[in-house]
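Two complexes follow with chain A in common, the first pairing it with chain B and the second with chain C.
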Partner chain A sequence: DSHIQYERVGADVTMKCGSMDWDAAVTWTVNGTDIDASHLNGSYLILKKVDLTQSGQYSCYEGSSWHLKYQTYLRVGTPPKEPLLMCRSNNYPKGFYCSWHLPTPTYIPNSFNISVIHGTREMVCEKDVFPKNRCHIRYLQLFSTVKYKVTLTVTNALGKNSTTATFDEFAIVKPDPPESVVAKPVPNNPRRLEVSWQNPSSWPDPESFPLKFFLRYRPLILDQWQHVELSDGTSHTITDAYAGKEYIIQVAAKDNDIGTWSDWSVAVHATPWTEEPKHLTTEAQVTETTSASTSSFMPPPTTKICDKGAVVGSGAVAVCWTAGLVLAAYGILFI
Partner chain B sequence: MAAADNTSAALRRRDLCSRGIRLAGKMRSDVVDLLDTYVERQGLDASASVAAVEGVPVAAVERWDEQTGTQRLLENLAAYRAFRALLAQMLEEQQEQLGEADTTLGQALAAVLLQVSAFTYHLEELLRLESRGPPSEEGPEPPPAPHLSLFERKLRGLGVLRELAQWAVRSTRDLRQLAKPNPGSSSAASLAESP
Partner chain C sequence: GDSWGIFTFLCAALCNLPALPALNCTEELGAGQSIQKTYDLTRYLEHQLRTLAGTYLNYLGPPFNEPDFNPPRLARAERVPSATVDLDLWRGLTDNARLAANYRAYSRLLCYLRALEGPAGTAELRHRLGHFCSSLQGLVLSIAGVMSSLGYPLPVGGPSAPPGTPVPSNDFLKKMEDFWLLKELQTWLWRSAKDFNRLKKKVPPAVVTLRLEARGF
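Moving on to the complex of A and B:
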């Protein structure tokens, strides 16, 4: 009969070949491979200071008949270290969730047990199907000053460990970041960017539990952020952007009255509107008319290179200038 | 005309609600500051657990989202009337205990007491609009404060301020519910129950 045997990393393991006598002639194999007799003490298999690589199926066969006398699956692992537990409400006032993980793997199966106590009341934390290291609780009361106490115990074949988190209802409220952040240039306004976003979809009732927002923005070329706090609305116009510079923009959310700020939203990039370079277009037109009358060489129209759609930042303006000058030079050559 | 009355009542209610929300926000901010001062001046541990104290209105509520507008106003009113009396008592005790020595705490307590009184009045106005009218104040005098040791009184004060801070947040939420176009004063207005 095979069974599973759990041993700690670094332990010394002695395996007996079932009911065989110590002096019986036996052969041990691991995962089908013969084990050298130097590891044997009589018919006992001795494994000193086992490591993870020694996990596997160990079988013992009677010497001459090759009858299988004993089989076990050795799993080498560690007892659990203190787990890391985090509880948070991103859907206030519906409830909160707790999630956990082990700081280091144990390499063997672990089971988790969580208990949530509010005052004298034990609450049920419903385990999520996915991810499995998470459970959620519905608030039965709101505005309570009584703290919640969550205890997580992790157990495996080699030991157990636990951790406790104690917190107030308000302290763990942290919304998800705002969604669908969009930043657009404002036509004919070289220093403006219009930013809009939506409440996180996980926040159940923004009308009764409104969120406030924090916007941060900076040009890509600088490290310093500008900040704006907005107590209502899901849009804002930046009016002090540097002309022609690409910006990076992010938004965070917080319940208007309690809890902490969300993580920053996904970053969006935008560049304020810039004026189309009119003087270059005029020069190219002059060049084209001149060369058309003397040769068949037709410089490509300057406007293609300086197409506004392709312009991003001040670098492209320099390209337009250079192209214009080169073409003008060619035009003069052909006169 | 009934229609015009309804509109003006609705506008007045919205106005009272938004002013009330601002009042409650300021009150909460001041109570939180007062808590810090109180803990420091009274030599208490900020994380001390205080068991529920008799006579202190508890903000915790089940099925909050199912309450009617009138229920919200009545519960708020009862709470703030109680806080008004409790804070007045705390102010008196504090003056007896420390005399004129500590005016910072006394002033902070007095300022919060003023705001609680103003908020109470605000709630009474809102109830008048509900054409329900506020209930009269308790006829008989509230029972005299139980005889407590100095330390017990300090802890009680901590409990009072903590509950008041919770109430200030609850009141903000309650007023927002009331300010909604159809707050359902005669029927329960409930949020969707999906998890």
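Moving on to the complex of A and C:
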């Protein structure tokens, strides 16, 4: 008959061939491969300081008849380290969930037990089907002065460990990030971007428990974020975007009064509206002919810093005029 | 022993005085603005309480000032109505009931906090408590203002210690009571933010929106 045997990494393992005598002639195999007789002490198999690679099916056969006398499945692993437990309410005021995991794998099966105590009452944390290491609990009462104490115990064949989290109802409130974030350019507005989003769908009652939002944005070419905090509404217009630059935008949410900020939403990209370039080429042809006929002093071809037609924006025009004046003054001096 | 008895008596006497009708500061504001003001006050007080509670719990000393301190509630008559409530019940509260619950709770809390002022440790602590109590009184008056502007009567019968309340027999139990008082106060301030959020929705939106816009964004 078959067994499963769990042993610690680094331990010394002695396997007996079932009910066979110590001095019986046997052959051991691991996963079908013969094991060298040097590992045997009589009919016992000795494995020193086992490691993970030695997990497998070990079989013992009687010497001459080749009858299978004993079979065991060796699983090498470790007892559990202290688990990591996290509890959070992303659906306030409905309840909260706790999720956990082990910091390092044990390589053998583990079972988890979770207990939630609120004052004198023990509450049931219903295990989720997916994800696996998670359970959820419904609040029976709101605005409680008594803390919740959650204890997670993890057990496997080699040992057990546990951890406890104690918290106030309010401390663990953290919504999911806002959903459906959309950023659009605003026609005829080269410095604006219109951003809109929705409350996270997991937040059950935004009417009675409103969320506030935090928006951050920056052009892709810069590292510094700009921030806006919004107490109301699910949209905002950025009015100081750099013209023509692609922006990255994210939004986070928080209950108006309690808890912590959500993670940042999925990032969206948008570029502010820019004017169509084809209009500029026609203008350039017109202004070049007029400036050629009116000025008495022709600027040398290299100083074409102010091709009026090609430059957009009042700032650039001012530069052009200044340069023109300087050149005109220079010209007067030499005439 | 004796001094505690005197305090209880003083408390009962002080707290049975009718609520001061200093409504001239709120009667000109619409109900919407009063609610917003009250909401802001609860947030301000909640913030103030964080510092005050830290200082006071340090004065009480360990284990009261330990962050993990989570004692069981002693089974006895509670001095202050608890903020804890069933979710559906809380949702279903009428505006009047909601406001009245807040009014009663803070009136009682104010009364007991004032009793702390006397024997509390350093002069600085007493000063802080005094300042907090003034702000808390402002909140009580603000709530009264909202109730009045909505046409609700103020709850009658001032807060008084329920009959047969046992006097704490030793220093540790007295400190426990102070601990729970601060806890209850903290919870009420959290709850009130939600209560007033709900009330905000019921008031004509135009008034509330104006105030938000004035805050400049």
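Things to note:
As a convention for this text, the second predicted complex is superposed on the first by the 278 of 335 C-alpha atoms of A that agree within 3 Å, B and C clash if a C-alpha of one lies under 4 Å from a C-alpha of the other, contacts with A are read in each partner's own complex, and residues count from 1 in each chain.
The rule is short, and it goes like this: a residue touches a chain if its C-beta (ideal position, glycine included) is under 8 Å from a C-beta of that chain, and two chains touch if they have at least 3 such contacts.
Please read these numbers as outputs of a predicted model, since none were measured by experiment.
In this overlay on chain A, chain B clashes with chain C. In the superposed pair of complexes, A:Val146 makes contact with chain B and with chain C alike. With both structures placed on the common chain, the touch criterion links A:Gly56 to neither chain B nor chain C. In the superposition on chain A, contact of A:Pro93 is made with both chain B and chain C. In the superposed pair of complexes, A:Gly159 makes contact with neither chain B nor chain C.
Of the two partner chains, chain B and chain C are each touched by A:Ser208. In the superposed pair of complexes, A:Leu230 makes contact with chain C only, with no contact to chain B. After overlaying the two complexes on the shared chain, residue contacts for A:Pro185 are found with neither chain B nor chain C.
Once the two complexes are overlaid on chain A, the chain A residues touched by chain B in the first and by chain C in the second are 93, 140-147, 170, 207-210, 257-258. On the chain C side of its complex with chain A, the touching residues are 43, 68, 70, 72-73, 82-87, 90-91, 180, 183-184, 186-188, 190-191, 193-194, 197-198, 201, 212, 215, 217. By the touch rule above, chain A contacts chain C in their complex via residues 93, 119-120, 139-147, 149, 166, 170, 207-210, 228, 230-232, 256-258. Put simply, chain B touches chain A in their complex at residues 25, 28, 49, 58-62, 64-65, 162-163, 166-167, 169-170, 172-173, 176-177, 180, 191-192, 195. Residue ranges of chain A in contact with chain B, taken from their complex: 93-95, 136, 138, 140-147, 170, 204-205, 207-210, 257-258.
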